[in-house]
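Take a look at the structures below.
Paired with subunit B in one complex and with subunit C in the other, subunit A is shared by the two complexes that follow.
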Partner chain A sequence: MTPAPTPETAEVGAPPPPPSKKPAPTLDSKGPQRYKTLGTWLLFILLLVACFIRIDANILDLFSQGARDNMSRILGEMLRPDWSYASHIWKPMIETVQIAIVGTVIGSVLAVPVALLSATNVIPKKIVTIPVRMVLNLVRTVPDLLFAAIFVAVFGIGAFAGMLALVFFSFGLVAKLTYEAIEAIDPGPLEAMTAVGANKIQLIVFGVIPQALPYFFSYVLYTFEVNVRAAAVLGFVGAGGIGLHLDQQLNSLRYDRASTIILLTLVIVLLIDYASTYLRRKLL
Partner chain B sequence: MIEFKNVVKQYPNGTLGLNNINLTIGEGEFIVIVGLSGAGKSTLLRSINRLHDISSGEITVDGKSVTKANGKQLRRIRRDIGMIFQSFNLVKRATVLRNVLSGRVGYHSTFSTMFGYFPKEDTEIALDALSRVNIREKAYSRADQLSGGQQQRVSIARALAQKPKVILADEPVASLDPLTTRQVMDDLQRINRELKITTIVNLHFIDLAREYATRIIGLRAGEVVFDGPVAEATDAKFAEIYGRPIHEDELLAAEAAKGGAPV
Partner chain C sequence: MNQTLPSKTRGPIIRNWLIGAALIVLFIWALSGLHFEGIQEYGAQVMGSIWEGFTHPDWGYVYMPEGEDLLRNLLETLVISILGTFISAFLCIPFAFWASANMSRIRAVSASGKFVLTVIRVFPEIIMAILFIVAVGPGAFAGVLALGVHSIGMLAKLYSETIEAVDEGPREALLACGASKMQVLRFAILPQVIPQFLSYALYRFEINIRSATVLGLVGAGGIGTPLIFALQTRDWSRVGIILLGIVILVIIIDLISGWLRRRII
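Showing the complex of A and B:
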């Protein structure tokens, strides 16, 4: 039996255009096929064991006396959140969401021309699409926290650096998802617009955009979800938002206060996830 | 007037799509091109507005060379040629009116169309075009809410909104049932007669070709093997065009009897 498709969670929530169908694997794979499967599993297990040894991982550490003591102490404090502290963190909480909003919007707007320039059905010239995609891939390889650390170094500590980090991160994500969606649109209207005598821009406005827009908005919302979560930890590198406060409370061992922050963040993230998922379902 | 002079289309793999085509198509004619699939019907039609490039020879529309035209000239020529496709090629999420209005973009600057702005006269032209194909009341519906026949009529309206001198229709009824097929063909014929728009249609139903055409052009393996009035296009002639006797499924009447009983 092949496993059922994994349920769509928020983590993998960006719905890509329908993938190409692969033939289902036959149930009674025989001969070399079976050895190949066995070999793959062996290789996988070897790799896992090698990694465990390299990083000195020890399952027993999970249950050692020290770990158990720490765990019960921290959990004990965390289970009694300091609610009085909540009034102090509303402002940074809102700032976190604001960083995510501004970062998402600016990044997504910048992503539009790049997505169009990357799509081979809009620009059928490899000399344009390949370099643009290379730049895009480069941007996408840099993690958001690294961007944040760089911008903190350049522009100083604060929300501005965090916002810039999310601009770059959203730009990469939205541009990539959108150009893939554009490449999957129905080519018919493009042909029709060419026949009508439209130029490139008119073809984009009347043939591409009306087809790709719902996908684009859906990806922007998804990116916003991801960004709210990212913005919550940007503070650890000094890029503003709630993360700075979480870092401080953790360092001063105030687990009761850290717990308040974590719970509030959870509520905000859940609310935004639900709203965004609802909106995305309406869009597509 | 459309003229083909020694037109050859050779594909990269060496196959000849069009082999030395010489044709003159007069104003107001209703021409049906017939032939087996792969005979070059679609290539011939699409070379007129240069959706397909030709390898050698020249095509002119009203004396202007399509073959030599560059960017802006080519777009101007295309603006005057409406085109209708087998799969309608509408933007399904957009309204009918919006789809028809997109036929007007050739008349406006990039800047004004970029923001989707159209002058009031254009809306009038679009609604008028929809009236001609009897679906004006659908103007504000989304295109994907319409039936296949209605969608094809929207695409005819889009072509009409261009105020074209020529209409090209590439298998316009191939994805429609027999009843809507007739409605769409009737629309095309009426437009041809009332507005004197030269109409060139690719069809694979030969009874339909005889019924609507004023002149039939038969293609086989990229060559014109028949060109004449309907009266001369006998069954024997068709057998010659096809290189074999006519099959039942090449007759709309047979199709209709098989499954598409009138609704």
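Showing the complex of A and C:
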């Protein structure tokens, strides 16, 4: 009953997990193959049952009287947003976007040298690339809200902690995407430059950067989209932005105001998503 | 040739400089808008004690016989993400068919489906977790429901893209020999999309295990709850061991899931 159960799903070869009751025999299904399929199914169902027992969840809880009352009350209040409150939240909303911008820019700038260091066609030494990539993987295992919670504990409540969290998060994401793009560039120009005696710096400036730059900008924009969404909830752990106000309104059970905040955040996020998608399409 | 080159490229160069200047102005505006007065002046001291805690993790917390230890909380986190992924992999199938352009003749149907999915996707899971906590009380179940509903947005989008990319041949062949709609679905569409569906569900599982670690910050079960307590009490050695546990759990899950995905496709 430790993390062990997951490998059992390893046998999930072809059959789908939930939809059909039983894998129907196809023309080429042979005996042993079928037993394997059935075994996979049993293991998968056992795993799910074990999970449900472990968290002690009762699906019926969701449909109990209390839950239904709560749900309908919340939804009822949320469907009538308090628009007069909208004028109060423009400032934190702008702050949210600002946190996202600063976090994305600083994180992406820091990511450039690291991406170059971990691309094997720029630095062909495994001694350099493998440790750098390991650090990158470590950074990417920590979710942005965890970073935020830690930085709030270190630097106190406020936008600075949120910005730092996004710096780390964007750094991991942009560096990984960019080094993969760098490794996929056309090796022709690099070989030509090496042949005429270019040094490493010249190679990077005139060979790598012109090819990788559009991808880099595209990833920065993508990271910015992710960061705007992240910045909207950073406030829940005290790291500034609109989340702080949302948390307050939810705690004081003002669901009408919370709904205003959520709707406005959705609008901002969608607008930024569309603008960013448009720009990315023009870039590539 | 040297003379013609600049005049050709001057336009884009000026444009690039303008874009660069605009970006710098944007950055300065954003930076000036943030108020950093909240920074604690004893940050260096805190950093020292954090380093102390991280280099001396609280190993005693890993396993405690009476309960509420690291392993049990990590297991709960894992269980939350397994169940959340399972529920969304189930629930998103109708959404995926709704949003795929080749499954309906009317364009508005799939367009509306895509819009609904976008809205679900941008609705943060933390907020969903808080709403479900109000409904079913704090604990792992609220986390499962939050992940299950939130993941629909991304999974159904990926699923619908897979459905849109299916080979039309088998479908037309079955229609030509008089198969019903359900038979077409069962024998022409599903066999083509299911490996990809499983692969995407596993990918989402990798994302969900990361989300499940933060759900506890708002009280929706998992490792986040002891972490936020340890952070609030400045118990850095415990924070250190919890972070170590999260990192190891995420790396193990990534490895297993990556291996499974390579086997499926």
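The rule is short, and it goes like this: the second predicted complex is superposed on the first by the 239 of 284 C-alpha atoms of A that agree within 3 Å, B and C clash if a C-alpha of one lies under 4 Å from a C-alpha of the other, contacts with A are read in each partner's own complex, and residues count from 1 in each chain.
Basically, a residue touches a chain if its C-beta (ideal position, glycine included) is under 8 Å from a C-beta of that chain, and two chains touch if they have at least 3 such contacts.
On a predicted model such as this, the values are computed, not experimentally measured, just so you know.
First (subunit B), second (subunit C), both or neither: which does A:277 touch?
neither
Between subunit C and subunit B, which one touches more residues of subunit A when both complexes sit on the common chain A?
Subunit A has more residues touched by C than by the other partner.
Let me test your reading of the model: by the given contact rule, A:262 touches which partner, first (subunit B), second (subunit C), both or neither?
In the superposition, A:262 touches subunit C alone.
Just to be sure I read the superposition right, which of the two partners does A:121 touch: subunit B = first, subunit C = second, or both, or neither?
It touches nothing on subunit B or subunit C.
Could you say whether A:196 touches subunit B, subunit C, both of them, or neither, answering first, second, both or neither?
After superposing on A, A:196 lies in contact with subunit B but is clear of subunit C.
Quick check for you: in the superposed arrangement, does A:129 touch first (subunit B), second (subunit C), both or neither?
After superposing on A, A:129 lies clear of both subunit B and subunit C.
What residues on subunit C touch subunit A, complex-wise?
It comes out as residues 23, 26-27, 29-31, 33-40, 43, 46-47, 50, 71, 74-76, 78-80, 82-83, 86, 89-90, 93, 118-119, 122-124, 126-127, 130-131, 134-137, 139-141, 144-145, 190, 194-195, 197-198, 201, 210-211, 213-214, 217-218, 221, 224, 227-228, 231-232, 234, 239, 243, 246-247, 249-254, 256, 259-260, 263-264.
For the complex, which residues does subunit A have touching subunit C?
1-3, 5-7, 9-10, 12-19, 47-48, 51-52, 54-58, 61-62, 67, 70-71, 74, 94-95, 97-99, 101-102, 105, 137-138, 141-143, 145-146, 149-150, 152-161, 163, 229, 232-233, 236-237, 240, 246, 250, 262, 266, 269-270, 273
Contact residues on subunit A for subunit B in the complex?
186, 188-189, 191-199, 201-202, 205-207, 210-211, 214
Enumerate the contact residues on subunit B facing subunit A in the complex.
Listed in rising order, the residues are 49, 51, 71, 75-83, 85, 87-94, 98, 102-103, 105-106, 110, 113-114, 116, 155, 158, 162.
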